[in-house]
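To start, the structure under review is shown below, and the notes come after it.
Naming follows writing order (A, B, C and D), and every chain is counted from residue 1.
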Amino acid sequence: MEKYLYTALFAPLVSSLFVALFASRPKMLFTGVIASILIAISMVSSFVLLIDVNTHGALHVNMMDWIVAGNLYIPFGFVVDEVSVIMMVTVTLVSTVVHIYSIGYMDHDKSFNRFFSYLSAFVFSMMILVMSDNFVGLFIGWEGVGLCSWLLIGFWYHKHSASWAANEAFIMNRIADLGMLMGLFLIYWNVGSLQYEEVFATLKDLDSVVVATIGIFLFIGAMGKSAQFPLHTWLADAMEGPTPVSALIHAATMVTAGVYLVIRCGELYSMIPDVGFAIASLGAFVALFAASMALVNNDLKRIIAYSTLSQLGYMFVAAGLGAYWIALFHLMTHAFFKSLLFLGAGNVMHAMHDELNIKKMGGLYGSMKATAILMSVASVALAGIYPLAGFFSKDKILEVAFNEGAYFLWFALFIGAGLTAFYSFRLVMLVFFGEKEYIKHGFHPHEAQPFVIYALLPLGLLAVIAGWFEHQFEGFTTRLLARYEIHISHGIEIVLIGATLCIAVGGIAFAIYKYQRGGFSKTWEEGFFYKLLSNQYYIPKVYELYIMRPFTMLSQFVWQKIDMKVVDFTVDSIARTIYKTGEKSRKMQSGNLSDMLRWMVVGMVVLLVLALFYRPMA
Amino acid sequence: MEHILSLLVFFPAVAGLLGFLVAKESIRAYGISVSVIEFCLSLILWIGFDSANAGYQFVEYYAFIPSYGMSYYLGVDGISLFLVILSTFITMIALIGLSIEKDIKNLIISVLFLEMTMVGVFLILDVIWFYAFWELSLVPMLYIIGGWGGERRMYAAIKFFLYTFAGSVLMLVGILYMGFLYYEATGIWSFALPDWYLLQVPFKAQLWLFGAFFLGFAIKVPMFPFHTWLPYAHGQAPTIGSVILAAVLLKMGSYGFVRFSLPLFPDATVYFLIPVAIICIIMVIYAAMIAYAQEDMKQVIAYSSISHMGIVILGTFAMNAEGITGSIFLMLSHGIVSGALFMLVGVIYDRRHTKMIRDFGGLAQVMPNFATVYGIMLMASVGLPLTVGFVGEFLSLVGFYRISWILTLLAGTGIILGAVYMLVLYKKSFFGQVVHEENRSLKDLNAKELSALIPLVLLVAILGIYPKPLLSTIDMSVQKMLVLMDQKAIEPATKELIMKANSIGGTH
Amino acid sequence: MITLTHYLILTGLLFAIGLVGVMRRTNLLMLFFSTEILLNAVNIGFVAVSKYYGDFTGQMFAFFIIAVAASEVAVGLGLLILWYKRNGSVDLNSLQMMKG
Amino acid sequence: MYEVIAFYIFSILTVGMFGIVVMSKNALYAMSALAGGMIFISGFFFILDAEFLGVVQIVVYSGAIMALYAFGMMFFDTTRDVSEKMRSKKIAYTLSIISAVLIVAILCMPLVSESIEASYPAMENVGNIQMVGLILFTKYLVPFELAAIMLLVAMISGIVLASKKMDEHLAIEEDECEMLKEGK
């Protein structure tokens, strides 16, 4: 089975390196095809491994040593167990679709080859992240996806906003990575190893404060990658990248890495329920917070990005409350329908010549039937309507929150579900139905190439059916992850599901009702809340005003005032003093022997005085 | 193999002398071939090196002035081996990538002499000779900066020379006092480092000696607040000078800490641990902030060097195998990465005759290969895993975490700030539209530059993925040194700290 | 009783007289005379110490000092004459080549 | 008792003579006083049982050196008074007095090295001259020979320097002169 493991892991790397050879050449179609095929091979291998793990259990290989110093031993080791194989399958599946889709999407881009090189490199990093058997290996993938994300967000580097967003994403992630590194250090110095197995085996011997600290540090890392508040601003800005990138990285895979980390460290977090509850609370907050921002945004991709943020919040609620398999389940289903949503949005953008303002669209259904249907399916799934994928996973999370007695969290998520349904359908309505605004702006939309649509079909299918495998999924993953018992009586459960469905359907219905009639009146946009939400709670402004500008000013100050005017000036003034002393005392050398003799006598007097008063210690 | 160390040290100097006889047209080829031979010699040294032996190897010993204990004493161990290879490698790369035409003969001869002093510093075990090589290394560098530098080259060269010289003079006093202490304790004079290792220095004397050595090393590193010579030196030096200065000369200071301060004065090291660590953290953050504010591309990298050296020193003072091994590895990786970055700045300077960031923009469109290489080096500088930069930085920080978590956290902000200034630099100069017309016609890397840069890129990747052969060799010698420190320690607190720093468990 | 201190005080006095000469005189020849005084003052000191400690090293030193003084006069006078030939004066104020 | 009287007489005479040397305006007087002073110093040597040195003092100083000075002075116009421009006499005198006081103060202080041990102690029943010979030709043989060579060199150089013709200038000196002129 090892060969499948290595195939799954290294096929993307081979793809990336091979395509990189042609990176600076003009478009070559075969690069995209070969990259897609190699990723597909990786996907097939992942499925083979899924079956294998199901029958034979986890697979663990140690490829080679990496860092060996002192007591520290870090190998390149890979483990394929119930959790990682689910991630592998999800990642490679979405990646394959995105690769194929990109052949169509990037058709006219002059950096076609470069794009596929980066995209495959991302898949490789993600595979390392999920397959590694130790924390540092995970960190390699963690940073690797960060790098690829930087490259891909800034793919159109000639755009100022793109390169700015890329840097923002990288730096925000770095802040969180520091927290994660601290967590790793703490683990190492308490356990003496960074292998998952050994760490989890020795955790129970540790002081609970230490475990809690580790948990917090690791979660800080997860917050960066998964764009949790207050490090969330980069995700919306990351939409500057090409849309397939948003689908793959900023919806389906990379941003869920934080959730994956918490699931992976489930044994750790289950020891510290308080920290877990804090994570869940933050998750619930973000779920609501992001959903509220999605309500008013007019940028097609940003709406979906906020939706992603909100769904990540749901995942963290589940993971924080100890329902790890449910978090993983939602992660998977979300990957399917959210990437579908993004890719559909990509089609729309293509049709609209990269126009993103949904107010300028409307009535696209006429010209883009397939895309409209796929996106609607994805939106329904996202809203959590039975029997689509989102219903099963999201509803479970609400149940968990209720089960834990965290009614407040439950309520937040409940409201969030309504908002989700509303903004999803606001988007669908504004884009595909209603008045044909695009005609005013002179667009001529057209449907994407057929193979692009066919590539999306698997995702569409999965968005519908993925939820039906809930019980198999639970059985499979709980072999490794902690089981989660729900103690709610059947009656209440039905009521809860009913309530959730109602609010979701209500949200949808409200959106359809409102936007059929041309949406909200202009007066809404004058309101305080509207402004607050559309400015993202002014958080980016706050960051700009109170972090970036002061930092720049402080840097200038430190350089010009402290380094130049104090430190360097001190050094120079020492030199200048010596120089000036020389200049002044130069006059002593009048050249007159009498004067010199006089100075000699002065020197002698000084020495005599010293001889008289200074007695060295005998 | 018996005299390979002497050969390594003096071959470049002899070749440099002979270089006066070589015709001007062929001097470049001559210089490159000498440096290649020297590099091969250092590789032979590595091949012949017994990596299971933690002690000194290939030792050569001749009594030089026996009545005063001076000897010609060469030896190599895991700590110095790779620094020697780094020196020869960087010299070779720098000569390959050399683009100066003016008075090239003297320049190449200066570089070869510089190579002798660098290799000498790392190989010599007699402290008087060490001092001699240490000081001699200033002279060729003074010529290189003063002769081929920018507009304010004289100011920069003299500042560089006097500043570092002032520091090392105090070190000389320390050396003499240490020799005297040895004489007092044993009745014979000796300036051989292995002899000194056996001497237990009284605590008070350790403090003074540590201070004297510290000043010499700290100025060379350069540590805050003794760093101001570095930006001038880098700003004015020609590319080859900056490359060697950043890649090797700064490492002499940090090597000095590992070779002298730690094993000779373990108690003083522990006593001054926290103050030094705080200086390191100031260096990391302060230099990173200044780097962010710079307008000159070369200055950004110069200040980033200071920032990285802060982590190197921090790792050295971690007092455990992880930290010290990591810091030595970080010296190597910083040598490779900063050398490469300075070469890259040199590449663009040769084309545009400016280093100001505002004169660039959109370079990625006109020079894709250049942008790629620059990007790789930038990522290595930022410390991305699987590049060479990560291993050393990770180990250094891991090591120091055992001493203090809060200081490690503060030092860790260096990796954030590092990303900030590097990415901003990259964005400003490579991304965006081409604003200046002159930049449209820039040529991408030529064959000569590629042949200098590709080995560096390969090294960045290879050592990032498989650092183990280096790490295990370094680790062996470092562990031996730690045992020595533990045995020599006088104060119980020192023993306790070394014990704690090297054991697992109980960290908060 | 004459003790060593008497001699040393005398030496000091003579030396001071020599110093006065060294500083006061600007005629080079006179300057030479003053340096002779300095040398002789020291000589007395050496011999006195030699006597009172019963050690001959002092006398040896005095002996060599006399030799040095003789050579000095020989060379010094030669130079002085040369200078006089060139400048027609042996005044110090005509001699300011070492101005810094 | 004679010793005391002799010491004081010689002291007064020496100080007086040297005072004249330093203060006199007439070169001839100064030289004569110097010669006198030298002879009185030899008196001290005799008091201090250093007969050989006393003789050497008279022979070398009063004989050879003073003769040299006398010959040297023939080159200069010695009949005229020496005209010296004294600048800031006060400083000179103050410095001299301070140094004199200091020296005296130091010398009057109890010596640090009371317990000094003679490395060449005077032997019983060996005369001064004999003793000098013994030491000079054993321990100080090399310095003695060197001193001899030094004297020879000095003599030759003195002759060479003094015997240059009046109008003959060295080329370097001319350059120097011009440089000086240009400098001013």
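The criterion applied here is as follows: a contact is a pair of C-beta atoms (placed from the backbone, for glycine too) under 8 Å apart; a residue touches a chain by one contact, two chains touch by 3 or more.
In this text the structure is predicted, and so the values were computed from the model without any measurement.
Ranked by how close its C-alpha mean sits to the mean of all protein C-alpha atoms, the top chain is B. Averaging C-alpha coordinates per chain places the centre of chain A 95 Å away from that of chain D. Distance from the chain C centre to the chain D centre is 4 Å, each centre being the mean of its Cα atoms.
Centre-to-centre, using mean CA coordinates, chain A is 91 Å away from chain C.
Separation between the centroids of chain B and chain D, computed from CA atoms only, is 61 Å. Within chain A, the positions touching two or more other chains are listed as 594, 598, 601.
Of all residues in chain B, none touches 2 or more other chains. Looking at chain C, residues 19, 23, 26, 93, 97 sit in touch with two or more other chains. Inter-chain contacts occur between A-B, A-C, A-D, C-D.
Taken in their complex, chain C has these residues touching chain A: 19, 22-23, 26, 31, 92-93, 95-100.
On the side of chain B, the complex with chain A involves touching residues 159, 162-163, 224-225, 227-229, 286, 289-290, 292-294, 320-322, 325-326, 329, 362, 364-365, 368-369, 372, 379, 384-386, 390-391, 394-395, 397-399, 401-402, 405, 408-409, 412-413, 415-416, 419-420, 423-424, 427, 430-433, 465-468, 471-472, 474-475, 479, 502, 504-508. Interface of chain A with chain D (complex): residues 594, 598, 601-602, 604-605, 608-609, 611-612. Within the complex formed with chain B, the chain A residues making contact are 23-24, 64-72, 136, 139-140, 143-144, 147, 150, 154, 157-160, 162-164, 166-167, 170-171, 174-175, 177-178, 181-182, 184-186, 188-192, 207, 209-210, 213, 551-552, 554-556, 558-560, 562-563, 567-568, 570-571, 575. Those residues of chain A lying in contact with chain C across their complex are 586-594, 596-598, 601.
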